[in-house]
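This structure is in structure tokens; I'll ask about it shortly.
To keep things simple, chains are lettered A, B, C and D as they appear, and every chain counts its residues starting from 1.
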Amino acid sequence: MFEISINDNEYKIEIVKREGNKVTVSIGDRLYDLDVIEPKPGVYSFLYKGKSLEYNFFSKEKDKNQYEVVSGDKYWEVEIIDAQRRYRKNRAGDDDDGGNFISTPMPGQVVKLLVKPGDEVTAGTTVIIISAMKMESEYKVLADRVIKEVLVSEGDNIDGDQPLITFE
Amino acid sequence: MFEISINDNEYKIEIVKREGNKVTVSIGDRLYDLDVIEPKPGVYSFLYKGKSLEYNFFSKEKDKNQYEVVSGDKYWEVEIIDAQRRYRKNRAGDDDDGGNFISTPMPGQVVKLLVKPGDEVTAGTTVIIISAMKMESEYKVLADRVIKEVLVSEGDNIDGDQPLITFE
Amino acid sequence: MIKKILIANRGEIAIRVMRSCREMGIKSVAVYSEADRDSLHVRYADEAYLIGPAPSAESYLVIDKILQVAKESGADAIHPGYGFLSENAELSDRCKKEGIIFIGPSSYAINTMGDKITARQTMQKVNVPVVPGTTEPIIDVEDAVKVIKEIGLPVMIKASAGGGGKGMRLVRREEDIISSVNAARSEAKASFANDAVYIEKYIDSPHHIEFQILCDNHGNGVHLFERECSVQRRHQKVVEETPSPLMTPEVRMEMGKHAVMAAMAVNYSGAGTIEFIVDDNLNYYFLEMNTRLQVEHPITEEVVGVDLVAEQIRIANGEKLRFKQEDLSQKGHAIEVRVYAEDPENNFMPNPGKIKYLSEPLGPGIRHDGYIYSGYEIPMHYDPMISKMIVWADNREDAIKRMRRALSAYKLSGIKTSIPFLKKVMEAPDFVNGKYSTHFIEKNMDILHPDTNTSEEENDLAAIAAFLDFMNQQGKAGRSTIESEPRNYWKEFGRRKGVLRL
Amino acid sequence: MIKKILIANRGEIAIRVMRSCREMGIKSVAVYSEADRDSLHVRYADEAYLIGPAPSAESYLVIDKILQVAKESGADAIHPGYGFLSENAELSDRCKKEGIIFIGPSSYAINTMGDKITARQTMQKVNVPVVPGTTEPIIDVEDAVKVIKEIGLPVMIKASAGGGGKGMRLVRREEDIISSVNAARSEAKASFANDAVYIEKYIDSPHHIEFQILCDNHGNGVHLFERECSVQRRHQKVVEETPSPLMTPEVRMEMGKHAVMAAMAVNYSGAGTIEFIVDDNLNYYFLEMNTRLQVEHPITEEVVGVDLVAEQIRIANGEKLRFKQEDLSQKGHAIEVRVYAEDPENNFMPNPGKIKYLSEPLGPGIRHDGYIYSGYEIPMHYDPMISKMIVWADNREDAIKRMRRALSAYKLSGIKTSIPFLKKVMEAPDFVNGKYSTHFIEKNMDILHPDTNTSEEENDLAAIAAFLDFMNQQGKAGRSTIESEPRNYWKEFGRRKGVLRL
């Protein structure tokens, strides 16, 4: 049994029945009878009560449980919560407040490093400059920090969501 | 070592060297240094002596060794001859003159069967009618024949190159 | 006001109609057969309903099922596209009875124009020229000679009961008239036990030129100029263009007027096409009327700047035409080619199958009306046309060049198509010079085959490409990361070199 | 005669230029950096040469390397596209020295128009209106008041030495003139120790309207009418259209004449653009000249029916312009949107990555100039613009509807793009009514975010879609036949049901 989070609501979700491309799914206390095909990998075509609906995704490379779903002009953020994910979520409170490192939301290149391990920096100080697609962005610390590790060098290509600088 | 047949010529062919996307291939007594990428499965982009060339294929589902190669406005039929293929080729002369069954070059549907096993038919007799995409085609025997087996029924969907009716 | 339209069709034309619906804020309802669940028209529509098994006779042609879906979905109107039920008078009538708008003409117009004889009679009544000839069989030699002299040579003498070329005689010279009539009659008598003959004007080098018309329900009608459709194979149009390279402004104006008169003669409503047969001297004769949207309608849209489907819908809505004849003009030149899933090297045999890779031409002046996508398997139950490529340019010469560019940038693998053949048409001197009749393909067949005279280097490189792909395919089973990393196919291949004993 | 052109660029514009080359029978030579071996311009060209590492400064901007490839490949001419070296006077000069045709203007034109001050002076000399204001610093209050009265209110007073908004004063009312001048001067003195000020006409609700011009080497010049480019974000154009909803025929004619005069003043050769700033009352002032092809050139091509790249090449070839001003006219309406790989929800951060799935809009009135393909990984080294969607329709209202249809049919996954944002622009009342200035995006920011008020049913279905894909992905490793059978993903999924404990 899985749970799913959409627009900040969490529901239990389950495939109840499947025959060919006819699928019945329960979500929360609601039941949906659908005709589903996947004409291309990652593209889903639903027929539901006569309506023809098509879904595309932007899933993060790094996190297979998180989906950004697009259909027509509409947009949703969805997270699938399996056992592993629930375990990690429960643990998260203990040792990770989400603010003990600097990362970027997208891939890019390190232009300039402004700190080294051991430096004490005050809130708002720029610690690293990243360039992506002709645009440079400065990344600042949100609170007074002591730099622990600098995990990249100037000129490095980086992925999105990769820790770059960690704090004590 | 493989051999390759193109425009009725046969050559030995071999990948001599490869580093990244730089490839050296020998064909017959000629050597080619190429820069090769496959931007999509089944699409090959070559850079050769500055020229940018792109190749697409129509390979038959049934025969992985046979290629129809298209580049720009040009077109070639190519066959790759490996050990298995050579063995089959050598055997072919014994029990298969290529004319002991009727097949179609494309998928379709059996509209009408005009013979049954044991029938004796004269050269030019239509034995089966196949429909594909709104067009019906009559298939005739090329010589006087005795029908051995009829492998399909009216209304059957058939693949291309599938034996439909065999002769004694 | 029409708010929801059921499109009783599939393939490119269903999507074409839905595109205009979407722009007009009208909901579209698709119907589909069991072979079409993954066809693009189902995915493109706002709603979609299954109407039966793959064969058209059990799905797309069943009026009851289509009307049932229209009622179930609350559609106000039905657009029939072309083919299937598009010229079916019963559908027009049944719609009227059920209070659903049929986007097309009345059953009267469909029936009158659908029958060759009533169409011809109707045209004669309003003085639209028809191919000169006899409408009653002739059994007397004297009468035959008289008629032939009236019509003027050359003529074709045809057995009344005839068919298959039997009892047919082409007469070009006056001194052959009597002997030919006699020969035709005795051959007819021997073959069909009936020596009556018809006589018809023979057109040596015929051109097929048609006029697009639009008529509203308020007595207004306009034409949107001509389309030249003489490039045909087995009476199937293959390439169309507008303006016709043959046309003069005077003849165009005159033919256009006749086209509107022809439509008015049957109180036509909506979009229709008047087909003419035209000789080298621009003598033209009514051939038939198509009481529906044509496959080749986009070239008119490109050159006249009108969305014909949107106008069909507005007319069906009871609106008046938004333009008068003097508001319309032709700008530039447009060409359409029909791309079929067929093998030009194998007698144009249909060639259905799965599209493996698809890359469509883009950029200036190119319009592509199609319905396939990579991964789609073309069903074998329907028409093998997979798309229409339309180009526009400022003039005919540039349009031909643009079409060549479009065709060479249209790449797909998995199935064979008529693209190589169409490329050759764009290079054939008769086409390039605009000097062609309906005999064009027949006449040029030997230069319409793809090139085979390639150099040793070209051959070697093609062989290498196939060989590299073969080696790649061989190693496929061993690779696990490929699926999500298509670009690394080749890199992977390199890493596996040792394994494959290369 | 030019037979082979090196295109010193990448991305959509390189392909755009190559398309015209192909139509004209001219060979194209691509150059590429190490990051671009699999970029489409390399695959599309007839020849391709590596010119260095990924950073532009080491590849696309290195004149020596580009000239070397031109010589090695035997190219007659170099087309610089836009960006990169397109307004580099040195390249123009070096080409001349090496006997290679530079498809663009002389270094004199580039330099004169490239410098704001010499450009302004040149325009004043030929009586092309410039934004009224002082060119010399003013240190006397009396002089300031006199100048302000000449220019007319409102004006902006700016510190000569200023920057960052310090020492700036907007004056709207006559009674505020003296106090504002004094305030600006004392603030300037305090901040920069210099109380000299400039005075410039202030334009309240500015419109960015530009004119396309073409000049040959024989003294002939024409304009191809205007483009409205006021939809801007951080001075970057986002949406362009033509005709401008603001324009009148009289002002258009006058501005067009001034645009041609501006180009003639520097003996311009080729295609160029005169940018004007225009107020709500259609007072217009020269802003700058872009001495190259613009990103937004296609909307002019659609409405005027001219291939601008082909004309650039013909001019570079020494040919005379093929048309006079009176031969040119505007037909219908065209809109272009620029699609960026960026995340509109995250402050328009660039969002490079790999395109997983791509489905491009087709059908009537849509032109798509792009360079991505499914499987392509957008490099992070270059501009994040991935394509330009251009629509044409008979009128503005229909063009907007068509653009909405195009945007909703343009589907790609793997990267985030500005498509949802652009859809919202097409729905914003200020845009739909044609009442917008360069403040449009700022002013409408809160209605330009994608919809989030969705129904429970819509949410549930979206959640189910994600869930089904997740279950599919989970089982991926176990499947072996999928690669060649993409359509069976889902069928496979069904068969594996038991295994996955569904």
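One rule holds in what follows: contacts are C-beta pairs under 8 Å (C-beta built on N, C-alpha and C of every residue); 3 or more make two chains touch, one makes a residue touch a chain.
These numbers were taken from a predicted model, which means no experiment stands behind them.
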Farthest chain (mean CA position) relative to subunit D: B
Euclidean distance of C-alpha centroids - subunit C vs subunit D, Å: 39
Separation of mean Cα positions, subunit B and subunit A [Å, integer]: 47
For subunit B paired with subunit C, centre-to-centre distance based on mean C-alpha positions, whole Å: 32
Contacts with 2+ other chains: residues of subunit D: 38, 44, 373-376, 408, 483, 486-487
Per-residue overlap in subunit A, given as positions that touch at least 2 other chains: 21, 37, 39-41, 54
Graph class of chain-chain contacts, one of line, ring, star, complete, other: other
Pairs of chains in contact (touch as defined earlier), listed by label: A-C, A-D, B-C, B-D, C-D
List of subunit C residues in touch with subunit B within their complex: 341, 343, 346, 349-353, 356-357, 380-384, 408, 411-416, 420, 423, 450-452, 454, 456, 458-473, 486-487, 489-491, 493-494, 497, 502
Complex interface listing, subunit B residues touching subunit D: 21, 35, 37, 39-41, 45, 47, 50-52, 54
Touching residues (chain side subunit D, partner subunit C) in the complex: 15-16, 19-20, 22-25, 38, 44, 298, 301, 305-307, 310, 331-332, 354, 359-360, 362-370, 373-377, 393-394, 398, 401-402, 404-405, 408-409, 476-477, 480, 482-483, 486-487
Contact footprint of subunit B on subunit D as seen in their complex: 29-30, 37-38, 42-49, 72-73, 373-376, 483
Subunit D-touching residues of subunit A, taken from the complex the two chains share: 2, 4, 6-7, 9, 11, 13-15, 18, 20-21, 23, 25, 27-28, 30, 32, 34, 36-44, 46, 48, 53-59, 61, 64-65, 67-76, 78, 80, 105-109, 132-135, 137, 157
